[in-house]
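One chain, chain A, links the two complexes that follow: it is found with chain B in the first and with chain C in the second.
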Partner chain A sequence: MSQLTHEIREAARKLLRNKQAQLVIGFEEGSLPLRGRPCFIRKEEDVDRLVWTSFSDINVARYLAKRKEKVALVAKGCDSRALVELIKENQVSRDQVIIIGVPCEGMIDRPRIEAEVGHKAIVEVEETENRLTLKGRDFEKAFDRREFLYERCKACDHRNPVLYDVLVGQLVEEKVRESFPDVEAFTALDREKRWAYLAEETGKCIRCYACRNACPLCYCPECFVDTSQPQWVGKSTGLSDTLVFHLVRAFHLAGRCVACGACEQACPMGVDIRKLNRKLVKDVKDLFNYEAGVSLDEASPLATFCATDPDQFTVNP
Partner chain B sequence: MKESGTWEPKIVAFLCNWCSYAGADLAGISRIQYPPTIRIIRVPCSGRIDPLFILASLQKGADGVLVSGCHPGECHYLTGNYSARRKFALLKGLLEYVGLEEDRVQFSWVSASEGARFAKVVEKVTARITALGPAKQLVKNVPGGSFDVAAHS
Partner chain C sequence: MIREDAGILRKERLESLLEDLLRDHLVLAPTRKGELLLLEKIESARDVVLEDGKTKNSAKSALFPQRERMFAYRAEEGKVDIQVPPPAEEKQILFGVRPCDARGLLLLDAVFGGDSRDPYYVDKRIRTLVVSMACVNPGPSCFCLSLGGGPCSSDGSDLVLLDLGDRYVVEAASEKGKAFLQNPSFEEADEEAMAKAEKIRKEAESAMNPASIAKALEERLEHVDDPLWGDLTESCLGCGVCTYLCPTCHCFDICDEAAATTGERIRIWDSCQFPLFTQEASGFNPRPSEKERFRQRIMHKFRYLPKDRHMAGCVGCGRCVTECPVNLDIREVLEKLSRAEAQ
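And then the complex of A and B:
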């Protein structure tokens, strides 16, 4: 059992025992290897279900909205950033959550590592420090976990929780602030190439809205894709409708997206969803000097304005 | 008058009630000539514009979209256009990023006293969109609809 798992269990046990929290949201072992599953612990005797692995990857801040009870949340860097945005948007009250902060060393890209063993059935996984051993019925293979992180985790510059009440483990070293090489490279392509790439990517979309459902910051009671009077976006999987869906989905997250990658991970079709989000993260940083989920005091960029905001894009005869 | 056989774009213009709509009105009552390419939709404020309005226009076959409001600092609701300006800056960048033809969606500020400016804005916007030709990228073909693209070609 890893040290972090042990410390998370102890922290959760203490909070439940002292009645400081009625519910602990964290991760447990999934029903298959290489999968973490969010779990909801209400009783002290269930605390030992909690674990911390390289697969505790989805954003658990998703499960906070509209809860009445006092909740303890096991939060890595991106979870805590989503939580900051939720608090700012008055979806969660700061007094209502106790944050068990977990410094994160990146999560493992399951599809990639599965491909590495030729998609053979994996029966058991062992994790020690930076080594990950996958065992199947007729094979055993060890990997350096750092080589199989999600792209978003490799680029992450907020691995430590930005806000916490209890910290487990040791804070990790933050990487140097990232620039946006991926966005710049894409912008440098010809317009037709960019359009063709996005047409191909969004062409895969089956409009299941898993990306929206997994997103910690998509909490509207009625999403624009579900309204029928007026029906703003068609339901088809044609290029026009899907692209408009993806554009507006990304736009609704402008200045709020914390780049946790929950959308992309939830996508069953492997659509490059973050492509659009990243552009908006960059523009919000460049134009309004704002980074989502970092501070509780700074106003959200689209909820405020400045008299000297950029204006060059307007027509001036 | 449109010469027969020449193509002319259809542009959806979202104009704010207090400035740009009045500016368009002034252009009209002053008998200022400008291309008859725009279809005006009056909105209470440029802050009312949801990116979906713009995208829906393009989907339904508009060749371009013009959004115009009061000059920054002159909003009837004091700050509506400041908020809109932030949204538009991000939207413009995003649409360009995905490879939509840049000039399809344009923004401007026109006050109620600027009838001549309104006419010039429409001229400029029309010239840019005419240069691009009929929109194809986001159009959903609705046969027989009021925006039937077949009628363009």
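And then the complex of A and C:
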């Protein structure tokens, strides 16, 4: 058992025992190798289900909205950033959540590592420090986990929780300064190439809405794609409708997306959803010098007005 | 000839067989699109990837596509002109699908080809030959054996290929399959190959957990209001991954995609996991949360279908297990349900 797992369990045990929290939301081992999953602990005797692995990768802040009870949330950097936005948008009240902050060293890119072993069935995984050993029926292969992190984790500049009540482990060094080489490369393409890329990526979409439903900030009681009167967008996998879904969703997350990658990870078809979201993360940063989910005090750019806001997008008559 | 319903296909002959078939068939086979392994129309034998397990999409997409045009219409000067697409005539082959997918077609056959014959499905189905690829190395998410199938099952297939290393043993499971074995690419099966195939089949089966799921459940699923449902579904995101990638889920919606005077009526997949699936015009929703929707999915698969169609709506392919974004594993749900005392 890793030290972080041990400390998370102890923190959860204490919070439940002292009745400071009625529910702990964290991560447990999944039912398959290379999988972790969310878990919901209400009894002290169940805290040993909690773990911290390289697969504690979904955004658990997604499970907070509309809860009545006092909740302790096991939060890595991106979970805590989503929580900051949820608090600012009045979806979660700060005093209802106890944040068990976990400094995060990045999560492992499952599709990439599956490709690395030639898509053979992996039946067992062992994780020690930075070494990851995968076993199949007729192979065994060891990897340095740091070489197989999700792109989003490699680019992450908030590995430490931005907000916490209890900290487990030691804060890690923030090595990266956020930059957008991928977005810049994309926007440098000519219009036809950008269109071709978006058409190809969204063409893979099966409209299952896993991206939307995994997103901690997609909490609208009725999503615009589900409105029937009026029907804003068609329901099939025709390209224009699929593209409208992804574009409007990206716009709706402008200034709110914390780049946690829950959407692209949930997508079964490997649609590059991150590209669109990152483009808007960059725009919001360039236009309003705002980074989502970092501070509780800073006003959300699209929910406030400032006379000096840039307006180069307005069309002069 | 030791058996007329079996043959041998040497691996070096596979490519020429497929090229031969591509001349007058639409061939759908596992093929890589980037990282994704998809069952799709192939242009060349070299595009086929037979070794990498099951495809992301199931075989249902070949016969019951996610978006299907039922007819097109045009309204002009008080007249409505309706154009029904002619049934396609090209024969199609599903090559290298896994036995779970082939078995899933039996349920679709019962639904779309039964009492109420669906022409869109049936027209495609009768032109389709299913050549499946037995699984000699089932993965950790596979549980076909628990649902009455198996890694080398021939249910729903016309032919089953089994990999012996340098060649395939090919067994026919239908008259159509037997006729297909007349193709000169196949050689006579010898006893040694058949014995080797049998041994591999046994090994593949013994690598799996044989626990039967469906039987123990039926009685347990009488209890619709069990509080256990709430606990079991707490992590569910309410997305459509499990139902859309499932080889047996077959719920659909019909809608129009229309412009001013023209339009198309289309049939598209729908999912019981979506709130709109049951939302009524008044705004009332009889299945208001993930709890009721997830329960419906389980009930439909393991209670209603076994009663109505005498087969479960699950073949144990494990796609919902591997693809669920939060790894909400249907096997564990079923096990917890059958273990727990009803309340």
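Here, the second predicted complex is superposed on the first by the 315 of 317 C-alpha atoms of A that agree within 3 Å, B and C clash if a C-alpha of one lies under 4 Å from a C-alpha of the other, contacts with A are read in each partner's own complex, and residues count from 1 in each chain.
Simple rule for what comes next: a residue touches a chain if its C-beta (ideal position, glycine included) is under 8 Å from a C-beta of that chain, and two chains touch if they have at least 3 such contacts.
Note that the structure is a prediction, hence the values are computed from the model and not measured.
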item: First (chain B), second (chain C), both or neither touched by A:Gly30; value: second
item: First, second, both or neither for A:Pro38, with chain B first and chain C second; value: second
item: Chain B versus chain C as contact partner of A:Gly234, first or second or both or neither; value: both
item: Touched partner set for A:Asn90, first chain B, second chain C, both or neither; value: neither
item: Intersection of chain A interface sets (partners chain B, chain C); value: 234, 238
item: List of chain B residues in touch with chain A within their complex; value: 51-52, 55-56, 59, 66, 72-73, 79, 82-83, 85-95, 97-102, 106-109, 117, 120-121, 123-125, 137-140
item: Residues of chain A touching chain C in the complex; value: 30-33, 35-40, 58, 62-63, 111, 115, 118-123, 137, 204, 206-210, 212-214, 226, 228, 234-238, 265-266, 268-270
item: Residues of chain A defined as touching chain B within the complex; value: 183, 186-187, 191-198, 224, 232-234, 238, 240-241, 243-244, 247-248, 250-251, 254, 276, 279-280, 283-284, 287-288, 301-302, 305-307, 309-311, 313-317
item: Footprint of chain A on chain C - complex, ascending; value: 33-37, 52-53, 56, 66-67, 137-141, 207, 234-235, 237-241, 244-245, 253, 255, 257, 266, 268, 271, 274-276, 321-323, 325-329, 331-332
